[in-house]
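The following blocks contain the structures, represented as structure tokens.
Look at the two complexes coming up: chain A is in both, with chain B in one and chain C in the other.
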Partner chain A sequence: MQKPKISIYDFTDCEGCQIKLIALKEKFLILGKRVDIVNWRLGQENNESGPFDISIIEGAPITQYEIDLLKKLRKESKVLIGLGSCATLGGIPGIIDKAQRKKWYKKIYGDNYRPRGVDALPLSAYVKVDFLIHGCPINENEVIQAMEDLLAGKEPKYCDYSVCFECKQANNPCRLLDNFPCLGPIIQGGCNAICISGGSPCYGCFGLREDAEKKNLIKILEKITDQKEIDRYFSMFLNKVNK
Partner chain B sequence: MNEFIAKIEGHGNLTIDWEKNQVKLNIHEGERLFEGLLVGRTAEEMYWITPRICGICPIAHNLASLAAVEDALGIKVNSTTILLRDLMQCGQMIQSHALHLFFLSLPDYLGIDRGTELAQKNPEAFKSALALKGISDEIAEIIAGRSVHPTRTTIGGFHKIPFKSVLEKLLNKLKKTEKDAKNALELVSKIDFPELKVELQLAAQDNGLIIAVSSNNIKGRKESSIRNYKEVIEEEVRDYSTAKFGKYRGEEMLVGSLARLAVYGDYDKKYEIDFGNPFHNNLAQAIEILTYHQKAQKIIEQLLDTGMDKKVIKSSKNSSFKGIGATEAPRGGLYHEVHLDKDNIITHANIITPTVQNLTSIEKSANALLKQTKNRSKKEIERLLVMLVRAYDPCITCSVH
Partner chain C sequence: MDLIIEKKQIKDWLAELKKENVVIDSKKDALPIKQYFFPPKQEIFIFNKETKELESPDYKKEIIIICHHLGQLEAMTQLDEIMGKPNPDFFYWQRREKSILIGLIDESVEVAPGGDLVLEKINSKQYRVLILTEKGKKIIKNKFFKEIDKPEIKNYLSEENPFKEMLLDSELLADAVKWSKNHKIWDKLAKKCLGCGICTYVCPLCHCFSIDDRVVLDDKECIRCRQWDACTLPNFAKIAGGHNFHKTIKERYYNWFYHKFVRAYKEYGKAQCVACGNCKRNCPAGINIGDVLKEIVEDYKKHGKSI
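Presenting the complex of A and B:
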């Protein structure tokens, strides 16, 4: 039987999620044997054009070239997967609103610069995306899980619990109970609460979970901090999806 | 649009003018406008956001932002923090160099397409590659909290520091993998690099200074304070690039492993490095993998020996609210500058990344390669040019931040 043809593309981003794929080391090699990676610019020079069985796309389509390429890849791919928060949410580049870009092009590059960027939006702003592997960076084991499901002919599933569940498992003291802001209760799990375990806040890079009780969390946050800080939490990764 | 160059971080390609012997490095990465999106965020968020400039050297951005913010807030961190951050930097250097050498650059010299083919071609070398990737990721995970994008660092110190027993285990693993660092160096030192001769300014940071030497004469040192980084490293905008192009006081500069070895001189002279040949950057990277691997062991021994102080230092009353943070990232000198208001909200940010400083010299080296390579087909020369770009280990992602 012919192995499924996989392509891995990156748009504008830090490429850290692809680095996490390489961090899988032996596990990546085992997965690599079950598929045929026919296009991966970062990893190889011999690249084929589509059609592809599965396309994995990292990064936010910021330039017109990327937006057009995304639409082409959608047509050429049976399954299209977003890899990492830039692709799934707009992520850190999404902190900038479209209306503000002009001002910053001028400040950073000067008056005569011809900008290439349009806006930093998630893939889903332009095409239908079949599955989102969230995270900044991703938890690489979620890639293995999703690929194994797809190779077995199953639809990959999202975590049906919040970051709080994994945070409890990690034995972390609750940030909210200690009066520190946290988005954990409304954010999809899968990250193993790694940021909170390290002592950092949860800014929600795994995206809102289904039926997120956002209004109730905001009520709690309002007791802990001011509106400006709440806005900053909700705009770190979620600026382009939390409207 | 021509195809993007494969096996480099980010999106760029070359335009070759065969008549004029001139090469343009086009940079197509979308602008993320980090210097804009930081304004209005807090000092604490800066070192959280800037690692996302680059997933290959996030620790370097994290450390540069922490240093900038601490400078602005008049914070002097304790010796435990200094050592742990130095250890993070060692991990970062090995992570980035091992990835670049084995997965991006070495395939060029070994005649394979992708790093994973090394598993068949040279299983021993491939084992060493995975071991080095593994141990460096582990340093990052244990000290910084995660292999990509730190979680444990904070202004004035660390949210959490590792237990002694964890460091002891890490030291043991480092001792066991030193042979892998030596294997990597052995492999790379046998490569017959393409010939090239270019005059460039090689620059590296040392003790608050930017030190530059000419590739023709590495003994003549020019020193400038890091405080003056903006005058020393001039950036210009070019119409074919979304990244700025940097120069050292008007001259093409090279930063990173090759420049560090030229400036620091701390390597075994049995390796015959040609500082005027940027392909030798790959040999310099292999030398540095071993150097930082050994340095990591020394730092852990020192931490175990002296004990650790987990105190996080608070901001001083005499804060200037303006700070500069500089560090040697794997690809060279990295500069972060920040201005804060009295509530620690960022009012201004400026970032100069290593690859910005390397872009002008990539073009100069490519032009020299065109002139100096005779009796080869256009196809072969194009191949050499792409290899040259890769040898620099450019991070276009960083350069367009």
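Presenting the complex of A and C:
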């Protein structure tokens, strides 16, 4: 059987999630035996053009060039996967709004600057995406699981529990009960509650969980903090998917 | 004659036990002790694609677990019953049979509700030993325990727990919760509950799980995994074809009560609740399950029987 052809592309982002792919180490080598990575700018010199069986895309498409390339990749790929919060949610580049972006271009680069960036939206704003591997950065296990499923001919499945499941397993005290804001209960798990274990709140880089009870969480957050802070929490990663 | 251990000797005794056993003190655990026999995520068996053989990870480790709440011990007795029928849950018993449960209880114990051994506080310096099983008997045959005639016995009352009182009438609870399906309280709770599932994770008796199969990346093995599920989660009652029996948080949250107080009563003759209060203490939305039950029971008594 021919190995599936894989391409790995990146748009605007920090490339950290691709580093996480390399951080799979031995497991990445095992994956390498089962698939043919035919196009990967960051990882290899010789790159082929499409069609591809699976395209993995990191980053948010911000420029017209990136948007056009995304649409082309969609046509050329049987399965298209978003890798990391920038691709799946708009992520960090999505914190800023379109109008604000224009204002800051002018302020920082002056009147003569011809901006290339349009707006930072998730991949799904432009094309149909088959599966999202969330995270800033991604969790290695989620990539392995998605690849295992695809290679076994299964449809990858989203984690349906909230961050709280893994947070409790990590033996963390509940931030909300201690009157600190946290988005954990409405955010998809799979991150091993790494931020909360490290003393930080959950800002939701894994995206809203299915049927997230957002309104109910906001009622709790309103007792803990002010509107400005709540908005800040919901704009860190969820700015472009939370409307 | 009572068998006694001095409070200050408990540490030394545990240190001695640690030399030959894995000893876990569950005092600071966020999750109840069920986690040691029914882990949150567990690979239960592996199918080797080359040899076509099935193997289950052999569980050899013996563990001793120190438990500080009578409620947890009581829950373990109930969970053993649940995991024992209709067919014994192999993976649960694989671990459970190799464990010893010690209750280290700072209140007076009327009847030891479970465990292999209970150390009951009788005065500021001593604990009395209550032996419940042969396994428990084995680990106290040493210099740390001594027989004393008429030791000083003080009464250490447990905190008053009206919730516990309510549980005495499981039949009433079952009838009331069943009757309450269309009660307005479920609408109210649907506007409060985050659906995070914490109440089920911290419950010493919740035992629902989901099963997933994975084909390992190298394509050599298939692994069947099970992990805790929570009935407040959207996929809990989803079946093939995408149909969902409990589409809303209101239905899902009611189901949690229905299983614990109605179905459990039908199947086991008692509620699957020991009034330990874990769910209330850990609910980030501040839902007090005891108060919810109280409201339902009161309304049932007022209106229910006439309808």
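Observations, loosely collected:
By our rule, the second predicted complex is superposed on the first by the 243 of 243 C-alpha atoms of A that agree within 3 Å, B and C clash if a C-alpha of one lies under 4 Å from a C-alpha of the other, contacts with A are read in each partner's own complex, and residues count from 1 in each chain.
One rule holds in what follows: a residue touches a chain if its C-beta (ideal position, glycine included) is under 8 Å from a C-beta of that chain, and two chains touch if they have at least 3 such contacts.
Fair warning: this is a prediction, and the values are worked out from it, not measured in the lab.
Chain B and chain C, once both complexes are superposed via chain A, fit side by side. With chain A used for the fit, chain A forms the apex of an angle whose arms reach the C-alpha centres of chain B and chain C; rounded to a multiple of 10, it measures 110°. Of the two partner chains placed by superposition, only chain B is touched by A:G43; chain C is not.
Among chain B and chain C, the chain that touches a larger number of residues in chain A is B. After overlaying the two complexes on the shared chain, residue contacts for A:I186 are found with chain C alone; chain B is out of touch. When both complexes are overlaid on chain A, the residue A:F165 reaches chain C alone and has no touch with chain B.
In the overlay built on the shared chain, the residue A:N216 is in contact with chain C alone; chain B does not reach it.
Once chain A of one complex is fitted onto chain A of the other, the partner contacts of A:A99 are absent, as it touches neither chain B nor chain C.
Of the two partner chains, chain C is the only one touched by A:R34; chain B is not.
Contacts of A:C14 after superposition on the shared chain: chain B is touched, whereas chain C is not. Think of it this way: put the two complexes on top of each other by chain A, and the tightest Cα contact between chain B and chain C is 18 Å.
Against chain A, in their complex, chain C makes its touches with residues 28-31, 40-41, 191-198, 201-202, 212, 214-219, 228, 230, 233-235, 249, 282, 284-286.
Of all residues in chain A, only 11-20, 22-23, 25-26, 29, 32, 40-47, 60, 62-63, 65-66, 91-93, 95-96, 100-101, 103-105, 107-110, 112-117, 120, 136-137, 194-195, 197-200, 203, 232, 236 touch chain B in the complex they form.
Against chain A, in their complex, chain B makes its touches with residues 1, 4, 6-10, 28-33, 35-37, 41-42, 45, 48-49, 51-56, 58, 99, 103-104, 107, 113-116, 119, 130, 133-134, 137, 145-152, 154, 158-160, 237, 239, 242, 244, 397, 400. Only residues 27, 30-31, 33-34, 144-145, 147-149, 151-152, 154, 157, 160-162, 164-165, 168-169, 171-174, 176-177, 184-186, 209-213, 215-217, 219-220 of chain A touch chain C when the two sit together in their complex.
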